[in-house]
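So that you can tell them apart, the chains are marked A, B and C in the order they are listed, and the count of residues begins at 1 in each.
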Amino acid sequence: MAGSPRRAAGRRLQLPLLCLLLQGATAILFAVFVRYDPDADAALWHWGNRSSSDNEFYFRYPSFQDVHVMVFVGFGFLMAFLQRYGFSSVAFTFLLAAFALQWATLVQGFFHSMHGGRIHVGVQSMINADFCAAAVLISFGAVLGKTGPVQLLLMALLEVLLFGLNEFVLLSVLGVKDAGGSMTIHTFGAYFGLALSRVLYRPQLEKSRHRQGSVYHSDLFAMIGTIFLWTFWPSFNSAPTMPGDGQHRTSLNTYYSLTASTLSTFALSALVGEHGRLDMPGGEGHTDSSLVSCPQPVLEAKFKVQDTCGVHNLHGMPGVLGALLGVLVAGLATHEAYGDGLGSVFPLVAGGRRSATAQAVFQLCGLLVTLTFASVGGGLGGLLLRLPFLGPPPDSQCFEDRIYWEVPGEREEEAQGSLGAEETDTRA
Amino acid sequence: MAGSPRRAAGRRLQLPLLCLLLQGATAILFAVFVRYDPDADAALWHWGNRSSSDNEFYFRYPSFQDVHVMVFVGFGFLMAFLQRYGFSSVAFTFLLAAFALQWATLVQGFFHSMHGGRIHVGVQSMINADFCAAAVLISFGAVLGKTGPVQLLLMALLEVLLFGLNEFVLLSVLGVKDAGGSMTIHTFGAYFGLALSRVLYRPQLEKSRHRQGSVYHSDLFAMIGTIFLWTFWPSFNSAPTMPGDGQHRTSLNTYYSLTASTLSTFALSALVGEHGRLDMPGGEGHTDSSLVSCPQPVLEAKFKVQDTCGVHNLHGMPGVLGALLGVLVAGLATHEAYGDGLGSVFPLVAGGRRSATAQAVFQLCGLLVTLTFASVGGGLGGLLLRLPFLGPPPDSQCFEDRIYWEVPGEREEEAQGSLGAEETDTRA
Amino acid sequence: MAGSPRRAAGRRLQLPLLCLLLQGATAILFAVFVRYDPDADAALWHWGNRSSSDNEFYFRYPSFQDVHVMVFVGFGFLMAFLQRYGFSSVAFTFLLAAFALQWATLVQGFFHSMHGGRIHVGVQSMINADFCAAAVLISFGAVLGKTGPVQLLLMALLEVLLFGLNEFVLLSVLGVKDAGGSMTIHTFGAYFGLALSRVLYRPQLEKSRHRQGSVYHSDLFAMIGTIFLWTFWPSFNSAPTMPGDGQHRTSLNTYYSLTASTLSTFALSALVGEHGRLDMPGGEGHTDSSLVSCPQPVLEAKFKVQDTCGVHNLHGMPGVLGALLGVLVAGLATHEAYGDGLGSVFPLVAGGRRSATAQAVFQLCGLLVTLTFASVGGGLGGLLLRLPFLGPPPDSQCFEDRIYWEVPGEREEEAQGSLGAEETDTRA
């Protein structure tokens, strides 16, 4: 993978040094800025003399754990469909999310919960950090197999920053309602990743085409991820909503929407599949997981965007549709439909400070802002990741665990030999 | 699979059309009949002015999520033990459950929670719908590998209806206590599936015998399902019981019963295994998972019932035993044993409207009603599924993913060729 | 595996008889001693007239279920990394934990919650029993692949007893705070297992060396275990702490500590890996999962301790470090840092009955007591397990499922033949 021994040694140190640098800086920032919020602080909570059952923890912790499983088990195994990239899919998910959780706590804290120069953390900040990590993992899906861990950490460093800024503009400046994270998570994560993938376009990627498919058991591992994501989605959507009826209603809506879309997806998959056969999510890039979908070959041929996991169909289009639905719902929000609950859904409309139509316009602005941040940010991220010393895998070694992992069952010399050979081939 | 191109094209449209038809009809019925219950309704909840922590959501949502994981991850992967049927096991579980959840909400709503012409849904209705889906998946286990998705959806359509009716008769008409769903879920699901499998009896099934076993890794996938089912069972049993001591006690009882039966199962498995060796659940049809078991070869030879997953031993016999235990417990129910808690377990006995003995008789009636509904219903279901145009897999192609799925790593022509050949063979 | 048919028949009965004996004895002890605690008892709870939301169940049940998943899914699959020992890893975890949960309920009950001659059980006793099972599974990791199920059950019988005694001495006699179970679970479990493994030292174990590695998919199964353990760790640590701010704060601390240690672990793994490549947990015995680690070859060469899962690095060293950190924290505990919450963390210091320095000394004593109990107990356990009639696997058949399981896809005669041959070889 390297031209000379010295460069190889230098590259070998990049990942550990970057990890230690990021972790060291994060630890210092935590020590200086981060404090417990009153529900988690021994002195403040006992001083407040409140009943244990009123602690925010009991309203949100079970949902938080479900979201946490989605991030680490769900995304990790969803991306394990590639036949020779299972280690990297699961473990880079792990690495990226572990960094993003800490960095997002700081970034979101600066933007949303800075009080007296301190960031206060509790179960809500854990949920919010996991949401930000989900967006990073969506972007990871677009470039899966074509980027190394150093590149991915730099991507996360930039993306979390822009995620926090975009979230701040939408929620705090524009007063937008973002149900299910349609805009801040799905749209932002998908188009950030796709813009980045566009900049990293590899015209010779078919050299790795034989590794880009799945095998029987790798698809079953991917099903573990898929089903955990699906099963816990009601928790994902209800975790951050208002306690009481808000969480209750959101989980119900998600539960029924998911079941309905499952039947529709099976219908579509059987219609478009050759010989009426169905496709597993994975193998062919999840083309079947969304009702409105742009075939990946088209995406690549027309727009030069190589989207490994099909995040355009899985998150991009659904995110945009969800956002547009939000515009519609805002425009129709009335006291009659929501009663006194309107305040918890659209507080500015309930308070008379904004008409329903104005809210709809602001919702639409939120979507445009998100698309702008995502595509410009992703483009900049792509330029950053093209820095030559970051050592991306060669075209012929994409989607291959062996360049990052000690893969069991392979003899060392063999691996070296074959990697070396293919590399020469690439540079030729 | 098809006699002529036209018939093949027709068959190709069956699954998508049925999915869209069922989903369309369900959506219309939801729009007309389904409303939020007061704990999930923004207007009603805020009008009631209650504390968030009293919302039913917090008493039941964590248990609901555990049950949801059992249905989708547990049942799905439990059935993935077959070497070439993992995609179908997981994905048809997904399809069937997604349909059953919606349809059960409607059917159970009509029977149990119709107020003012409307069905009110909340966390309890989600739990109940998941229970009904579990019964459907138990039945699926009996016919696993021998039925296509169109047949399975029709089975679910009928079974959910009868499940709702049986549940209504037991709980509302007979006033029966059905702890752990022994009767409504396990007994009903198992004997519905077995009766259906009896009607679909295939004397030539040994043509697919070589695919009916497991392989090393497919058994490990099945263990994922088994262990999630086992681990979350305390939640399954306690999810619908009375808040407070009721849920607490039920989860404890389940926890200790499961640990005790695990040791007994290992003992039995080692006793009956050849050379003292143990059997994995899966391979040999879970004969070891129940203490009282009827060997599957006997079931097939004597009763012509082909029971792929061994649901007779896993759910049928244990369900009947649980129901008989319920008869016994009801007969012994006294104020001394339960104190003021008797009202939450046997309200009719506590209220003096029924003697303990009478309650025991009603419990027994409940079991007989369940067995009747299940076997008659399953038999009718079998006749329905034998409609010739539904296209079941030929005897030689049972337990084979390739007829429904694009299996990775297989060349298209090859697959077609071999399927075609075997088909000819079948019809010969 | 046996010299003569009679011995073979005798050995064949050992496992079922031991299971039935242990289960029978446990059932009798439960019937005599175990009762519901007031929060789970129908009569007592309704008599108390308390609100359902105050039931202990709602403060702890979601965390309990997470811990339960860690024990059965997490530990079970974590140990499934061996290429030919997946069935045994998952199923012996199942067997050991199912026994340990019941036996721990009795032992911990005798030591901690005996009132009026009765043990009262509830959600807290379930959590405590799962913790004890976790310690047993940590010990299992040290001897994985080298011990049969009869040996393992005897190990659990002894270990649970000593675990309960050690826990009693630390928590009740010495008044020690054991955050995250550093001492009672991790240190005790690891050194009990390592001492036991030392006594069972096999100089000829390299005869099974070729089975001691992982294969690609077995490492992915191990990742399922690893990631569930990691994801639910905040629940593990917060499950037994004080309701309210205590659980909240503990989950936060665990969440951020884990993310920080993940980045550090990646850095270290990349630094020490050959060619800068990373190691999966599993294959090479988790040498990379702890920051302070003693290479396993050194452990074996110098101390004759064969540690299959690397529990020294995964649990032993981290447990000791955690305990030493606890000494430091105790020494610095002041009212200024904790406010009124000090009482829930170090009640003896808060109540003025002990100085912070004295508490630190007691913490250190706790660690020494734990190391003593673990190493002496593990040594005795090793002697017990060396009883010749317990039938351990021969050196050449370690790490092999086939001697305990009907492995799918193998013909009976073949298996017999090859096992017989290798056995002869061993005894030669």
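One rule holds for everything that comes next: contacts are C-beta pairs under 8 Å (C-beta built on N, C-alpha and C of every residue); 3 or more make two chains touch, one makes a residue touch a chain.
Given the structure is predicted, the values throughout are model-derived calculations rather than measurements.
Chain contacts here are complete: no pair of chains fails to touch. Interface residue usage between subunit A and subunit B, two copies of one sequence, is largely distinct: under half of the residue numbers at the contact are used by both copies. Taking the mean of the C-alpha atoms as each chain's centre, subunit A and subunit B sit 34 Å apart. Multi-chain contact residues of subunit B (touching two or more other chains): 53, 58, 62, 217, 224. By the touch criterion stated above, subunit C contacts subunit B in their complex at residues 8, 11-13, 15-17, 19-20, 22-23, 26-27, 30, 36, 39-47, 50, 52-53, 55-58, 61-62, 65, 68-69, 72-73, 76-77, 80, 86-87, 90-91, 94-95, 98-99, 101-102, 105, 121-123, 126, 149, 217, 221, 224, 403-409, 412, 416.
For subunit C in complex with subunit A, the touching residues are 53-54, 58-59, 62-63, 66, 83, 213-220, 223-224, 227-228, 230-232, 234-235, 243-249, 251-252, 255-256, 258-260, 262-264, 266-268, 270-271, 273-280, 283-284, 338-342, 344-345.
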